[in-house]
Amino acid sequence: MNTFAELIIVVVILLDMALAVTGSLSGCIRLVAVQGVVAGLLPLLAGGGAAHGVRALIFPVAIVTLKGVVFPWLLLRARDRSGARKDVEPLISYPASILLCLGAFIASSWLGSRLPLPETNVAWIVPASLATIFTGFLLITTRTKAITQVLGYLVIENGIYIFGLALFVEQPMLVELAILLDVFVAVFVMGIAIFHISREFDHIDTAELSELSDWRSGEYGK
Amino acid sequence: MIRPLLLLPLAAGFLAFIVRSDRARRLLLVWTARVHFLLTALTVLSYLKGPGGVPFAAWLTPLYPRPSEAVWFSFDALGLFFLGITSLLFLGASHYAAYYLAAEKSDPGEDADGLFVFNNAPEAVFTGCLLLFLAAMTAVTSSRHMGLLWAAVEATTLLSAPLIYFHRHKRSLEATWKYLLICSVGIALALMGNLFLGAAGLKAGGGLDFAAMLAAAPGLDKPLLKAAFLFLFVGYGTKMGLSPFHTWLPDAHSEAPALVSALLSGALLNCAFLGVLRVNAVCVSAGLADFTGGVLVLFGLFSVVTAAMFMLGQRDYKRMLAYSSIEHMGILALGTGLGGTGLFAALLGALSHSLTKAGLFFTSGNVLAAERTKRISEVRGLWRRAPRTAVLWLGGFFLITGLPPSGVFLSKFLILREAVAGGHYWLAAGFLFFLAVLFTGMARVFIAMTFGDRGQKEGEKPYAEPAGMLLPAALFFALVLGLGLYVPAWLDSLLWAAAGR
Amino acid sequence: MEIIKPFSQYLAAMLLAPLLPGIINRVKAFFGGRRGQPALQLYFDLYKLFRKTPVYSRTATWVFRAGPVTGVCALVTALLVLPFAGRPSFLAFEGDFIFLLYLLGLARFATVLAALDTGSAFEGMGASREVQFAVFAEPAFFLGLAALARVGGQTSLSGMFAALTPETWRVAAPVLALLTAAFFIVLLAENSRVPADDPNTHLELTMIHEVMVLDHSGPDLAYILYGAALKLWLFAALIASMVLPRRTGSWAGDSALFLLAVLGVAVAVGVVESVLARLRLTKVPYLLITAFAFSALALIFQVGR
Amino acid sequence: MSLLLLALALLLCGALLPLCLRGRPGAPARAGTYAAAAAALAGLSGALPVLLSGEPATVSFPWSVPLGSFSLVLDPLAAFFLVPLFLLTGLGAVYGAGYLKAYEGRKDPALPWAAFNLLTAAMLLVFTASNAVLFLLGWELMAAASFLLVLFEHEKEQARKAGFIYLAAGGAGALLLMAMFALLGAGAPSMDFSSFSPPAGGTASAVFLLALAGFGLKAGFIPLHVWLPEAHPAAPSHVSAVMSGVMIKTGVYGLIRVLAFLRPWPEWWGWLLLGLGLVSCLGGALFALAQHELKRVLAYSSIENVGIILLALGLGVVAAACGADRLASLAFAGALLHVFNHALFKGLLFMGAGAVLHAAGTGELEALGGLSKRMPAAAALFLAGSAAACALPPLNGFAGEFLVYIGAFRALNAPGPVAIAGAAAGLTLATAGALAAAAFARAYGVAFLGEPRTERAAGAHAPGGLMAGPMWILAVLCLGSGLLAPLLLGPLAFAVGSGFGPYYGFLGGLEAMAPFLYVSAGGFALLGIVAIAAAKRRAFLGGREPAVAGTWDCGYAAPSARMQYGASSFAQPLTDFFQPLLRKIGRYPVISEYFPAKASFSLEAQAVFYNSVYMPAAARLRDLAFRFSWLQHGRLQIYILYIVVTLIGLLLWKL
């Protein structure tokens, strides 16, 4: 394929790493937005646009708008409303995060080698998408704020999107539209939820969201 | 066309946001449910009678699409079966809801645990989301395309989140948040699975249309298909509540209003199960039965174990019911994994579980209304305070734990027999042991709550049991009981057709 | 003539039984250097008691009155099963000794209930002890009979003793000796003799059998005393049949020998009572367990042979 | 067979009608009673001909349930179990009509009557079903209906505990049976018993063990008995009678059916049965001796009797495995005969205990006393039942045990292992008999004899005709089936033949008949002698009025009812001896003054197995579960980590 697309892949991976070490909440939001935009541009740059006609134009544009403009705006608003501290408050240190991210990339490479895709157009695209998915998980599991969890979800979404591109699976329009709508509504609903959380709890630290539990702590071993 | 089934709840849902009068909105809800159920019944009837068997049905539902016609929505036996469950359940839930909403309006209630006065979400949003939720579930059962199925399943998550947050307080918010995030992440993985599925079929063709994939199954790329199955299994398994992805389930079920819990447990989990069944069918056709069977059996059994472990010493009766749902989802996975009669048994189990569990959740709502607490230790002597609720509560316990006559019993017995016949003795032994633990754990709770005599609390009003909140559960229980005594021939053939034989 | 024989055997047992306590008392008197009461004392006592008017407690019910009757009748019935001088009894059938065993149980049950019916602490105490020792005595007795059944390969009491010959003694002397010892211990315990119990004591706290019948009087007491004599006869006859397998061949000769042996057993009981002290109450079970061990050993020897 | 179906229909009506008629006072009870009684008559007239002729009857309807068919088989074995079922339920219904009157106004009568009829119908199904699904349906309905009856007085903590233990045991048993049927029917085309093919080797043993545990949980032998002494006392007395007399026999019935199916039997099965029987027999009698509540005494006695049945079965299996078939058939016949006899006398006893509860309001032995004067007829009937339970001739308890004894003694003269089995069986029976006699002497003596210990006992009254009538009938049956035992041998032979195989059913011959005839003769002789002695006694008295005085208490001037020997003190010498097994909790007075004013002593029997085996195991499991509960700790991040880790694990493992 073309080197331009491969360049984008590299950028996506670098963005993963950056996400792993960024401490500022707004920085994270922007990085995710950038990643979404870059990934959205991939099909345009990866060529073959003419073959798909108007559809190939509409979707990337919709995606770029959504991920580059709507989501960051929503999330930044939610962050401002919540009045929380402005950093991500990781549960593990940044070096550990980046090590995990690297590990995820290595594991993804191995998995990619086990799964020979029939028509891979871009090298590294499968590992990159898997690594992005794992980075998303990293954000969800090692950061305390509700917003970072939404960010993690978006990163996972990005990874999946890239993977879908890699396959050029012929998704009918209705299906793609539905998927896009779902993602949009998901983030929207999550945004509303964050708004409620910040109102009820005065902050959006999910450590507070652990009242519902069945752990019989201290009731055993006697 | 299938459109009425889909469009009716959709339109009604949007309408519900606009309608101002509570009364009118409740009527809308009930009548939509009734018409939906009628349409479903017609569809089932016309399926059973064959083409042209039922007048006027042809324009309602294209059951037999012409080949090569790109149809997004149509029904096969499996989809129809789950549609039937969903519609029936919604019929019960809507009638329950009419009374429930009226009761909540007049007496918003107070959560005895948190001393937090409910600030219920506006009824309009609730009713609207409820109807849209039905539309999404109808879409799940009727999708022929895996991608569409995915989108519909994700839609059910998003539409049910506001329902869980009906009682606007901290704990229901927490439950909603967990539900939303865990299920979304899970479903995202399922999307990945869909992509793998597409990749597996790139050479063989067929896309993601279910029937086409089934036909092309032997030619699918095996490693990719395996990966697809794993992703889809984890994804839909999360939504279905298999352990260890079940973590959202007890929280959501315990914090949602009773009728929402009933729908979640009885209808929503089935929708996710349908997703698993679809991909499993493709894998089995592709000759991966052992592979998928192993995974399903493993997680099925682990779900039963988890449920059993949490049943011991459970403190909250709605959470207890939620864990029982996890158990049953485990049993369904187990049956599916065993294949053959096991799959038939799993479907029978899905039907019985949905009805029973919905009935139990309805009843739990009455218990909550009567006792104002969800803590098991604070509920005593229901028999005295709310005798009819108590009878339902105890009856539901007998049914759900599989005491015959009950469809649950038949399903468990068939699955056990299938396991033994397949030589999985240790599996059968473990299954039985944990079923015994579950039974004992639940027996303790139900006996403690139902029997005894706690006397009257200070300033407590007697609880008048509204018939509208009892009848749906009674009806469902009667059906499950009847199912244990008599499985009609048409249902039998529908089940076998759905099980792929 | 053959029909009369069982009748006369049965009558002899019924008539001669009250002689045994007299013999025992004479022996004890001899050891004590006294003249002692007449050997026929019990006959006199019975005659006297039958003519007396009983006194009943206000607490007691019909159970109290039925007790002695049932007790003595159970023993009279049990005698139907008992072989005499190695000859078959009226009722000789497979498993007849089980019938005998349970008739003894019936007698005990009736006595115990009659005792409890008085509502007296002392009689309750006696009843409690009685059932306690029965729990240890019955298995010992049963196991002994089982071993005996195995010795002769027979399953009826009459058959067992009929199969017992001097030859058997030569072959299975250790087994039979053990059994004799076991039966003798059971005899002592079941008939409230020293060292298990002391029929002469009148300190209520230490008694077993005597304390149960404190409240009985008149004909009831007579029935009880007669029943006790029958029970003693029953056990003595069993032991006598065992140590003295018939040898003369003539019915009269055998019967005479047998009667002598029964009297001999009574003398032995008297000797034991004279030379031994009464055991502590809590030790009595150990005595019976010893008997049980003897029986068990005998059975094991016999099965192992 | 049609009569049996009629009985089933009547019973189902009897289950539904009371619920429908709850509005009208008195109607539910009447409907329930009449239905049960009519069904009993229909059922008896359906079952008896089969038992007398030996001709089985079958009926089969299609039933639209997966693997199910509505197939009933009424062979002599089933009929043999149906006779006590209908006897006890019919009489129990009449008794119950009187017994439940006391609860009028306090309890809704509809539910107990509906449950009672449902219970009977379920047992009818269990005894006749020849399809696994149908059998399990009957089995579980039986559990559910009796569960409701156990919780009749659910206000009492004790009853709720009993209900829980009962339900848990029932649930576990049913699961084991499901596994057993699954194993039996794994290769079969349907779940009809006739379509099963006998398994061999390890599978057969697995089936046997599953059946033993599953049915054993219902039969209630030690160590699976924990529910029994809790549940039987909690139910209303006529239900206790049915539960103890018939319901636990469904376990025996199932075990026999499975055994018959699994021939030839390995020897070790017999030893296992024998061992369990031995433990239950001795343990049951011993625990009965230590109980303080009348119905608990009876419940433990049921455990003892189930032990006797098991002992006989074990002896039979050992004998059959060693080739001594005639001996085996004797033992099997003994087991079955005891099933019948136990039903009669235990029914009578529970009804008697019910009369006590009814009259005095309590079954606590230490609170009773002197009832014999206040309810003479009921006391006499209870005494008859007690004597039968102690297997005293000429009552019926002796007959069944006698057959087992004969078997044991024939076994003694057989070579090798059979002799040991025979000795063990006989010895156990003898010891348990002595223990049972002690237990019943104590129960009867303390409750009915002497002086009343409390006001409540002093105010007791005789039961009404509805309650006394069934007891009379049962007592007459006890005496009759004891004296006329030889007449039972014919049907018994049919039952043994149909249950264990025709091979074992030759009992009707003179061989077993002869001793039985002698026992009958002995019984009659005993009665005759008693009559003579009683007449003699009257003659001795010669019309003189006996003097009446206070009980002689060795000179003490102020006796009181509290000075009587009580339940604790009566049992103490024996229970002390077996303390390591019984683990009683004693409350001894601490005497601190020179003239202690008050002192009390009591011994409390523990539920040893429940407390030392089941509770620790349950506690351990619970502890494990609480550790496991960490899984649901509430932290969202970790929840999602579960998904990731599982996914990665699956990918690495499966790809």
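So that you can tell them apart, the chains are marked A, B, C and D in the order they are listed, and the count of residues begins at 1 in each.
Just so it is clear, contacts are C-beta pairs under 8 Å (C-beta built on N, C-alpha and C of every residue); 3 or more make two chains touch, one makes a residue touch a chain.
Predicted, not measured: the structure shown is a model, and the values here were computed from it.
Chemist: Which chain has its C-alpha centroid at the greatest distance from the C-alpha centroid of chain B?
Modeler: It is C whose centre lies farthest from that of chain B.
Chemist: Using mean CA coordinates as chain centres, what's the gap between chain A and chain C in Å?
Modeler: Here the centre of chain C sits 97 Å away from the centre of chain A.
Chemist: How many Å are there between the centre of chain B and the centre of chain D, using C-alpha atoms for each centre?
Modeler: 43
Chemist: Would you kindly tell me how far, in whole Å, the mean C-alpha position of chain C lies from that of chain B?
Modeler: Centres of chain B and chain C (C-alpha means) sit 77 Å apart.
Chemist: For chain A and chain B, let me know how many angstrom lie between their CA-based centres, rounded off.
Modeler: The mean C-alpha positions of chain A and chain B differ by 30 Å.
Chemist: If I count partner chains per residue in chain C, which residues reach a count of at least 2?
Modeler: In chain C, no residue touches two or more other chains.
Chemist: Which positions in chain B are in touch with at least two other chains?
Modeler: 177-178, 181, 185, 223, 227, 250, 310, 313
Chemist: Quick check: what residues of chain D touch more than one other chain, meaning two or more?
Modeler: 624, 626, 629, 632, 636, 640, 651, 655 - these are the residues of chain D that touch more than one other chain.
Chemist: What chain pairs are in touch here?
Modeler: Contacting pairs: A-B, A-D, B-D, C-D.
Chemist: Which of the residues in chain C end up touching chain D in this complex?
Modeler: Per the stated touch rule, the residues are 50-51, 53-63, 69-70, 72-74, 76-77, 80-81, 91, 93-96, 98-99, 101-103, 105-106, 108-109, 112-113, 116-125, 127-129, 131-132, 134-135, 137-139, 141-143, 146, 149-150, 153, 155, 204, 214-215, 218-220, 222-223, 285, 299, 303.
Chemist: Can you list the chain D residues touching chain C in their complex?
Modeler: 369-370, 372-373, 376, 379-380, 383, 387, 390-393, 398, 402, 405-406, 409-410, 412-413, 419-420, 423, 426-427, 430-431, 433-435, 437-438, 440-442, 444-446, 449-451, 514-515, 517-519, 521-522, 525-526, 529-530, 533-534, 537, 540-541, 544-554, 559, 561, 563-565, 569-574, 577
Chemist: Would you tell me which residues of chain B are touching chain A in their complex?
Modeler: Touch residues, chain B against chain A: 72, 145, 147-148, 150-152, 154-155, 157-158, 161-162, 165, 168-171, 173-178, 180-181, 184-185, 188, 191-192, 195-196, 198-199, 202-203, 207-208, 221, 223-224, 227, 250-251, 254-255, 310, 313-315, 319.
Chemist: Of all residues in chain D, which touch chain A in the complex?
Modeler: 623-624, 626-627, 629-630, 632-638, 640-641, 644, 648, 651, 655
Chemist: Which chain D residues qualify as touching chain B in the complex?
Modeler: Touching chain B from chain D are residues 63-67, 133, 136-137, 140-141, 143-144, 151, 154-155, 157, 159-160, 163-164, 167-168, 171-172, 174-176, 178-179, 181-183, 185-187, 621-622, 624-626, 628-629, 631-632, 636, 639-640, 642-643, 646-647, 650-651, 654-655.
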